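Please read through the structure below; I'll follow up with questions.
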């Protein structure tokens, strides 16, 4: 037992070191387009592994990401955009005076984005989880809509449907990639602890979990609030990457995209969520060539915009039909390597 | 031996001269997704203008690189970055909506690449930005056009404004109209807020009926406006009704049926009253290619975005110098475009004419041109 | 007396599942709850574990009333249970299943688990070692890293009992532990329960249908019929009692 723990630690260290080296290498050597895609992938990794925590690991079907990402993005934008920029940007009505005073540095903004989202999650979770968690999906779906409507209907705070622009561009691969590494490690550490075991027990058999002394309400709330925290931080990173946000960005399709990612990767698998993100975000960019005129067996086709979404959806359907557990199922990447070590049955 | 060298070098020189370069222009448009219809219509104009004028003065060919942004902001950012860093475009046309165009500009301003937006009308778009330009009028102009026409030409004094909270376009246009209407001596009796997606406007139309204004201004898109006109007709509310270009399409007439008879709206362009010779030529060529001569405003503006860009490129010694192109765009004066005469000022905003149309017998009929 | 059922009645709407039942269980007793199907035995279990609230009466554990406590709180008071249809956690290994029982006894916080402070490491090590000890006791330690539901039925039952023991209970409730087992497995199970009772200082309350098993194992039995007690005494006396025989006609497995 002792020896294998040490070896695991070395492998982990090596993986993190490689990831850090990759971030440094990419920042210096890749072109901007590739870097932008990598930034997108990093942010969506943060969102996917945390969404996977409540949906996959704890087995509570939730539709929350667009809401918490929006909260995180707006909190960050409000704290980072300068008062001058706010003054000339707010086109519909003038901003409230307190809005102009809001200011923080990037790290504080991200942390506040995360904590505010987690706080909202807590107020949502308490009533929902006290009853059966089946209502979670509806409540979170509604929550997403409410946040969007709040953003639109309070132009004195958020500049309404015009959104907020001129957000300082703090996000780069060091931030997005670094925080992605932190998020992944945090989630993995949570999963491999008594808290993660409790979450999985709730997923597998909630009554049996209770019978073993697990406080299932606490487990579900913990998972939900942790998800919300990282989704808020991810939203902040997104705001500082796009440098402009608007309510229409945080629609149901945003959540749906994340749902596809974690289902594709394998509900419950953190490494699966990472793989799913790379395939979906990277893949849909790579498939852009399907939108352009192509040369198929010597036949010139005209441009067919939207073709890549058609192909993408077809692939998804195929995977759902033939590999319903997703790519990793509930396993993590390292479990595949442990196969040889286990004794025979 | 000497003959061979002379021959070889002359061939080389000839080759480098006759080998015309390819200069790339980027186009960011929603070609799929909920805004696809608008995006495709606009892009049609850009591409058609490109087929009519595919080369620069110096012989270089202009290649359009179209990237679909699906109407989504994250995609817009990725598309713009790709065009600049991978495709190395010297200018970008797009995007469609003001919020997505803002996203394009956020990137292009840092990269010093000029952007021409065909149809994004929000006033704030070009503010404090150096490389943002447009060929359409702004919301404040459009709002003033309606306000002035209503007060001066139609002698209307009171108005009710119905605003769509969820649409940037609506908010901007409503604000512009309100300010201009008041300035022209009119009174806004009431402002009613709705949201896109709403379907029941009975409360709205009865409020308007009670308020009994001289006119109603509905700066929104056709789905909601057509429902309001129908429900207004049902309760016998008959008043002069106005919109901006958000209803300037056939779908509005189809959806509204006879309830939109007499409806007035502003638009950028009307094919039945071609304002310039370039207009006439474009419409003729378009008819030849597609069999239709109904050239949509968005198509005309798409074409003009292209034409203004090319005009600026031709005025530069090096047509790939993006900074020069941007400066030249801002010096555009009395440019004869497909959609009318266009001037672009140093802020990147266009001063140009608008048209007022009225719906008669199920058709949008040109009423008058309003020059700035 | 470690457990006292004090005049408990349980109604579900119009149906009375348990009617004014009282009994006591002495420390270290193996006490059997028997009766025909629908007699209210599992309902009684669920009342003790806190899944149901009694309509009338109360449950006293070590002289403390359990009324109003939530199930997971009752576990922490020292009462653990297994299920009739073996409910192991299907996605987890045998070891992880047992660890869950220990988890509320692990003394580290959420934050400490994320940053992997020394306390996390030492506590995890402690409970992992304890879990392996318990698995070893049941001869299951070689399956520690297997998926729990891949094991045979009899092995899974042992894991489930091990998991319940991980919560460090004083009272263990076993719901038809021998269900689905062949005679030799049943015999083995009986030996294990007796041994565990001695080695872990347990009191055991079990529901069973298999009279041979009950006979071999239980010190005392309570016979329920339609929610009412019809006999309380030793197993050998129970099978000779007239009322019990009438209620059970043909229901005993006397093989």
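Order of writing sets the chain letters: A, B and C. Residues in each chain are counted from 1.
The definition used in the following text is that a residue touches a chain if its C-beta (ideal position, glycine included) is under 8 Å from a C-beta of that chain, and two chains touch if they have at least 3 such contacts.
Nothing here was measured: the structure is a model prediction, and the numbers come from that model.
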**Message:** Taking the touch definition from the header, please name the shape of the chain graph: line, ring, star, complete or other.
**Reply:** line
**Fill in**
Of all chains shown, smallest offset between own Cα centre and global Cα centre goes to A
**Prompt:** Just curious, how far off is subunit C from subunit B if you go by their C-alpha centres, in Å?
**Reply:** 74
**Request:** Calculate how many whole Å lie between the centre of subunit A and the centre of subunit B, each centre taken as the average of the chain's C-alpha atoms.
**Result:** 36
**Request:** Calculate how many whole Å lie between the centre of subunit A and the centre of subunit C, each centre taken as the average of the chain's C-alpha atoms.
**Result:** 42
**Complete:** In subunit A, the residues touching two or more other chains are none
**Request:** Using the touch rule from the top, collect the residues of subunit C that touch subunit A in their complex.
**Result:** 49, 51, 71-72, 75-76, 80-81, 83, 87-92, 96, 99-101, 103-104, 106, 108, 110, 113-116, 120, 124, 142, 145-146, 150, 163-164, 166-167
**Complete:** Residue positions on subunit B within touch of subunit A in the complex are 31-33, 36, 40, 66-68, 70, 72-74, 77-78, 81-82, 84-86, 98-99, 102-103, 106-107, 110, 122-124, 127-128, 165-168, 171-172, 175, 195
**Residues on subunit A engaged by subunit B in the complex (per definition of touch)** = 31-33, 36-37, 40, 88-89, 91-92, 152-153, 155, 160-163, 165-166, 169, 238, 241-249, 285, 288, 291-292, 303, 305-306, 309
**Prompt:** What residues of subunit A sit close enough to touch subunit C in their complex?
**Reply:** 186, 189-190, 193-195, 197-198, 200-201, 203-205, 207-216, 222, 268, 330, 342-343, 345
